[in-house]
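Read from first to last, the chains carry the letters A, B, C, D, E and F; within each, the first residue is number 1.
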Amino acid sequence: MQQNIINKGKVVTFGEVLMRLSPSENRKLQQSNRMDFFFGGTEMNVAASLAYFGLNVQQVTNVSNDLVGDAAITSMRQFGIDVSAVNKVHHPLGLYFLEVGSALRPSKIAYNRLHGSFANISPEQVDWESVLENCNYLHWTGISPAISEGAYQTLKEGLELAQQKGITVTADPAYRSNLWKYGRNGQEVLKELVSLSNIFIGGVNEINEILNTDFPFEEEGFIGASKKLIEECPKIEKVFDKVRTGLSASWQKIYGQAWTGEKYITTEEHEVTDVVDRIGTGDAYAAGILYGLQHFDDQKTLEFANAACALKHTILGDANLVSVEEVLEVVHGNTGGRIKR
Amino acid sequence: MQQNIINKGKVVTFGEVLMRLSPSENRKLQQSNRMDFFFGGTEMNVAASLAYFGLNVQQVTNVSNDLVGDAAITSMRQFGIDVSAVNKVHHPLGLYFLEVGSALRPSKIAYNRLHGSFANISPEQVDWESVLENCNYLHWTGISPAISEGAYQTLKEGLELAQQKGITVTADPAYRSNLWKYGRNGQEVLKELVSLSNIFIGGVNEINEILNTDFPFEEEGFIGASKKLIEECPKIEKVFDKVRTGLSASWQKIYGQAWTGEKYITTEEHEVTDVVDRIGTGDAYAAGILYGLQHFDDQKTLEFANAACALKHTILGDANLVSVEEVLEVVHGNTGGRIKR
Amino acid sequence: MQQNIINKGKVVTFGEVLMRLSPSENRKLQQSNRMDFFFGGTEMNVAASLAYFGLNVQQVTNVSNDLVGDAAITSMRQFGIDVSAVNKVHHPLGLYFLEVGSALRPSKIAYNRLHGSFANISPEQVDWESVLENCNYLHWTGISPAISEGAYQTLKEGLELAQQKGITVTADPAYRSNLWKYGRNGQEVLKELVSLSNIFIGGVNEINEILNTDFPFEEEGFIGASKKLIEECPKIEKVFDKVRTGLSASWQKIYGQAWTGEKYITTEEHEVTDVVDRIGTGDAYAAGILYGLQHFDDQKTLEFANAACALKHTILGDANLVSVEEVLEVVHGNTGGRIKR
Amino acid sequence: MQQNIINKGKVVTFGEVLMRLSPSENRKLQQSNRMDFFFGGTEMNVAASLAYFGLNVQQVTNVSNDLVGDAAITSMRQFGIDVSAVNKVHHPLGLYFLEVGSALRPSKIAYNRLHGSFANISPEQVDWESVLENCNYLHWTGISPAISEGAYQTLKEGLELAQQKGITVTADPAYRSNLWKYGRNGQEVLKELVSLSNIFIGGVNEINEILNTDFPFEEEGFIGASKKLIEECPKIEKVFDKVRTGLSASWQKIYGQAWTGEKYITTEEHEVTDVVDRIGTGDAYAAGILYGLQHFDDQKTLEFANAACALKHTILGDANLVSVEEVLEVVHGNTGGRIKR
Amino acid sequence: MQQNIINKGKVVTFGEVLMRLSPSENRKLQQSNRMDFFFGGTEMNVAASLAYFGLNVQQVTNVSNDLVGDAAITSMRQFGIDVSAVNKVHHPLGLYFLEVGSALRPSKIAYNRLHGSFANISPEQVDWESVLENCNYLHWTGISPAISEGAYQTLKEGLELAQQKGITVTADPAYRSNLWKYGRNGQEVLKELVSLSNIFIGGVNEINEILNTDFPFEEEGFIGASKKLIEECPKIEKVFDKVRTGLSASWQKIYGQAWTGEKYITTEEHEVTDVVDRIGTGDAYAAGILYGLQHFDDQKTLEFANAACALKHTILGDANLVSVEEVLEVVHGNTGGRIKR
Amino acid sequence: MQQNIINKGKVVTFGEVLMRLSPSENRKLQQSNRMDFFFGGTEMNVAASLAYFGLNVQQVTNVSNDLVGDAAITSMRQFGIDVSAVNKVHHPLGLYFLEVGSALRPSKIAYNRLHGSFANISPEQVDWESVLENCNYLHWTGISPAISEGAYQTLKEGLELAQQKGITVTADPAYRSNLWKYGRNGQEVLKELVSLSNIFIGGVNEINEILNTDFPFEEEGFIGASKKLIEECPKIEKVFDKVRTGLSASWQKIYGQAWTGEKYITTEEHEVTDVVDRIGTGDAYAAGILYGLQHFDDQKTLEFANAACALKHTILGDANLVSVEEVLEVVHGNTGGRIKR
């Protein structure tokens, strides 16, 4: 957490705030009578991480006009996220239940979000003109347009204005087939929105889904897919990806790769045994990219994002509550567990 | 809890199963990172209490087809409720958040139920013919028809068949104005459904709402309202009511009154200091009535129900997990707190 | 807790160490998956309270030769009780389950003790000669001889030696009919052991049980019963009693009365709303008597014991973890809840 | 919690942020292995309450430059307090331990604050000119100048500037004799600082301490003391007081009285059984006064403050996390515990 | 958990229900004041797992006639086990304490069961004729006949009737030398009871104990021992075994082997790092065998059982609360920890 | 824990008792509202471990004269440490906050100790003559003289008397540069105090710091440094060291090495995956050395200490709550995680 924030242009995130509910100690819900909860959601996780890196961050969203929405705002404020563009509406806050796996048992999630406060967002609820004032980065993910027509339209309006204003748009367009219930074709929508974006955070899988291609997964495939993406969506300048190997729910390996528009770069692989929390590790990576783009060159950006992603596996909850200094320690290989006194 | 259940006709309840989520120690949600949870809902609370009184009870409902629905079924089974008429559907389980007040601070509730698994119930999902076989009591409340058209139609179908089969229908038709969002007029629907019922659990307030009358609240008003109700809904035979005086969220007084069709009866008042849980006390009363009608005369039924209601204030969670013997101890005035060894 | 213990003769207690297991928040066991535990037992509670009053106290008992017995000894040591006369045997430690009631719901207890480590005690396991060296008070209760023949014989041997040595024996001979499963007649045994005692802690109820009399419960009955007791058991010098009025499990009133051998004395009544823990309040009273006899006159002894008893209702667990100063504050009427900074 | 803050001049508070550590369930520390913690401190409690009432509030303080200070800032931000005037220094954050009493057992506090981050504050660390810009109320208490010479000097500098700028200064000058270890005479300092203030929050006790008088405690004494105070410290315009009757640690009664400069006014008495948390109730009263002075007349201000104080007894933690609406419900007598759905 | 149970013949298990008590976070009992509890016992664990696999399962047992026995029944019902053959008796429920180890520290258990409700079972308490109606599998382990003469005789009576009725008897006859306190020779009894069984779940160790042989532990030894067992106990048809390698308390490897009566078969080895709970893994294996025998061929049965055993290491508590689908995922190698949404 | 302590000369430790406060589940403080706490401190950890090994141990220290100091004494007594040389003073007990890391995230500590009760110790508060009576080992570490001039002087006085009395002094002189705030040069003081010691527990790092040398870290460097140390501080007889390799915060490897005055000896390396608690592992090693020196030869002493150190990683809290038998199991390689029943 950094108290004194350097006053540069802010980052804006758009997306749903979800309450996560989870029994502790790897319990199944039916063995429990108590759950821990956290507020998160993929874009809010990015926002929180960037606030902990010392940036000004504002999230555009809807929350419920009840005690749950009050607590969500409280949590955002606690993370240091600007909540002045949060609307309170008469629909319940979205939420999800998480059973945390271990070793060869995967974690399980059940969602309750499709009629929630964010699903009921609409363009007239957001004053994009005012929100994007003094903004230099706008971040979105593929989850938001998958929730509802209103979320899609609201996001599109924001992206279009951002492009007019010369704001850098970062896209993390994961396609989740079990969303997209409201009638739109997910792949088409995502391609349209990626076309309004400048930085692509994703890999062969995501590109194949959006472009309906079938690039292979190794290095050459990634380069080819990246080039093809830039061809089809010419506003895209760079593609940042991470490659994960899951030995089990408790043991993961990650490295980063990127196509910088000019060359392929990659990082060392971090190995995380004793995973504390797998949720939000991708968002930690995205936040690392957004921070890096504003402070480092591409290689260091990729290393920083990859280290941030690895470090998030050790933090409970959705958000990566670590400082720039802590991430750089991992980048520098200081991972032997010596106590900081 | 009674293990050996006397094999008489079962009680059937129809209604929503809700997950209740609540921070402990009177905390506000925003001061918490952990919540206790319980499964309940007004009709399930009646079912659970009757199962603890030793009756066979079956609940007709929908739960979600996910880990939350699994846990709901687990909880019903734990209470001894027959779950063979529970459907699993692809909508999330309804739930509510509770902040528990104390002294002069009231408790607060926020719901998330109007697009849940029960709201999506429809008549073709329930085989009433089979459910009502070997049933002698069918219980409903005014919450269910307030949730959705499907819940209303499903309930009406069950009540009509119950009347054909000579099953006693008990109605607890509280009108909650903040429900009834799907288009029907609540008062009209409730009057229609009360007309298909035999026992009315409620008082002047509920009758005035249903009949659009304005009987006063004291004894004479209650008698007049009861008579008027029986006149308008002639299947109704008896009216059982409880009268609550709230000194504060932590200190409550309750007594029962009834119109037996022939005379007005009443009970002593129980005083409950140090309230542990106020939720479900009305359901505990209703369960007391249903048990009493099958075992006692009207006066003892009323005393039993009133004592059950008082006792519920000392039990955490929605359901009144007490035995017939424990209720009778209260009826007999053994309330001095002597430890049972 | 007092660190510097004045070096006078020690108090010895003889009795079972029990583990108490209890769900928190007034839960029933079946609603819980977690229990708090404490080590106690009526005589150990007296010992712990006396240690907190600054006396040297040693308990004679058996514990299990396993991880539970280790934890029991740890707990005794934590309270400041001398554990050098504790034997470890190959029988499990006794324990009990407590469901904590509230308001008009009583607490419930289930025991598991009759084949435990203390039930298997026998005279040859205790070196009374060494234990009673430098001892000036020996305390016992009616629970111990009710557990097993071995416990009875061991206790009797200790009492006889104490009488030879001129040690003051204090008796708290509550008769519990659901114990005494091993064949002896409880009333006879208790009378025999009271005959080996000097101070009687109990009232009309206990005397009637032991002497098979039927003195009434008011003041005159108490005086008459006390005189009769001294007549029948002439080693008894004084009779100390407390009178409890239970408004509910959460609201209790207590005052003390005594027959000093010469006159009847009594105290003001303390009223305890918001009872935290009812267990061990009688033991707190007994400890107050034992402390008082060594420091105060009879009137102050009675007031001190009554205040100690009242104060125990506010302390979680079996033992009265309060100092002499804290008890005297209650004796002096400083009970308005002003924070001590 | 109110999200949309009306943009009027802010309130500034000056004081220490303390971590409070407390075992739950009325446990003594030595029976515990876990503590709940909260961040508070008398002035921060006022700040938090005012933020929940919807005002802009900024606190001037020092916190530690470590993980504890980070968490303190996080907590302030969560409450909605502006943290831009918080300094981070290389001294540990002050803290206190609380054992929560019940019924006739008082709560106990142990402090660790006299060498902490706030004790090491000095005038050059605070830019009062900038802090008091756009400020219309500055609040202080008698705790701050009692901590250290630096705290005293820093506060005095702020008060002097506030008077120059025409800012209303509210003083809650409780004298605690176990502070004031650094050499100054507490009574003298407090009188000096009250002379720089406009609203006095306190009663006969506080006035007698400051003026070295001995007014009696009933109405006439309060009026006389108030008049004398205004005579001696002529910037003081009004005196607001609350009168507390402690039946026990769990049962308190409170009413308000004030000298408005022209007349004596008073309120009804609120009775709080089942006290959840006694800490911070005086701060809740002070916040009520500060809010009232900006929104109501004197009579309603007093009633609002008294109701806020009563309500705080039901909220866990140091801060009164309630809205204006919730306080007004108590003012209007809606205290019967009806659940808010 | 499967709600709709295919109506085929039921599985009956016979054995003790134990309460397990365990401090969390790898604490030693003496560092704790709180324990988690679960109901289990080797045969109940098999029953619960089979119920979660969708089979009808009934357990024959005794529980205590108190609040603990009530909770045990509640837990069995929650798991979906038929409790209609559970007797309530006036002896306390058996229980055990578990200190959970980690890495190179082993877990420790202390039992309290030898005078409990199950130890007091006797043949006249069980109506085997009725229990074995519509039963096609009866499962027992070597723990039950080791507890008491009554448990031995009751079991033998059941096995004999099962053989008469052509029910398949599965035996898991682990010999534990620290049981068998009531006078019988364990090896003799186990051989007698295995002679009444059809499927042997165990390996060289168990066979050597029963037959008093000394086969070596590798493949040839296992084949030889199996053949010898079938020779001596000719009702035995197949022998299913698992081979465990413990790298530490937190890291285990397991594979299965079997003698099908015709050939030796084996499985791949599963590796479990980050063990959540080691208890009941053998029971999970046994349940896998019982399910497999009813649904798969021998090879798949062995793979299924081995995967079930591995998966249990990730589930807290005694019972393997996983579905057939979850086990098959492990059989199919999907163990990389990808979150199930 | 061993109950019957062999009556040989006691071990005396001198040092600070600290309260450790730590959120559970690897949480950061700012994500928590609850902390676990333990009492420890490097010398008290040695004392506790030796008490669990069955030795008589007494700690010389100051604690606060408040509820925290009371709890500290309670904890020492629970561990079996003699508290008769503990002074209570009017300064708060030292404490530290711990955020527990995992995998590649290190743990973090924030201290609050430099004005605490131990920092205010002075020679006249300790009656060394009486403390060192019947003592055969005196243990100190480099932390104590780093806290304050008083602590340094008090320690030096003790060491000088110990040398006069022929007591073996063991030194664990870690140099921590972020202590030593009171004006002394740490290296000089440590060298002076090591010169008053007989056994050195430390390695090349510590020797280089004290002697201002730069021996390399491998075997030859260790031998050279040890010889040089003995040359400079001729009372030193033996040097015991451990070599740790941190793969991550959750995965550590340790082996021991020593210079016995005559030869270099070493042990096998223990590997600890799934670290439960890293704090106090060095103290566990030191306790192992002190126990070994009194019971074993040098080689076994080193193996015992190394195994004790490894085992401590699996115990929550500061102190190594294991028996001699449990350590010997690790020495003998029984680390496969087989449950102890």
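Quick note on the criterion: contacts are C-beta pairs under 8 Å (C-beta built on N, C-alpha and C of every residue); 3 or more make two chains touch, one makes a residue touch a chain.
Here's who's who by UniProt: A, B, C, D, E, F = Sugar kinase.
Quick caveat: nothing in here was measured; it's all calculated off a predicted structure.
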{"item": "Chains contacting each of chain C and chain D, listed by label", "value": "A, B, E, F"}
{"item": "Any chain in contact with chain B as well as chain E", "value": "A, C, D, F"}
{"item": "Proportion of interface numbers common to chain B and chain C (over half same, under half different)", "value": "different"}
{"item": "Distance from chain E to chain C - Cα centre to Cα centre, in angstrom", "value": "44"}
{"item": "In chain C, residues with contacts to at least two other chains", "value": "1, 28, 30-33, 70, 74-75, 78, 108, 111, 273-275"}
{"item": "Chain D contact footprint on chain A (complex, rising order)", "value": "1, 3, 70, 73-75, 77-78, 80, 83, 86, 88"}
{"item": "In the complex with chain B, residue positions of chain A that touch it", "value": "21, 28-30, 32-38, 64, 66-68, 70-71, 74-75, 92-93, 95, 97, 99, 108, 110-112, 114-116"}
{"item": "Chain F residues touching chain E - in the complex, by the definition given at the top", "value": "1, 24, 78, 270, 272-276, 310-311, 313-317, 321-322, 326, 329-330, 334-341"}
{"item": "Contact set on chain E toward chain D in their complex", "value": "31-33"}
{"item": "Chain A residues touching chain E - in the complex, by the definition given at the top", "value": "25-28, 30-31, 101-109, 111, 176, 178, 245-252, 273-275, 278-279"}
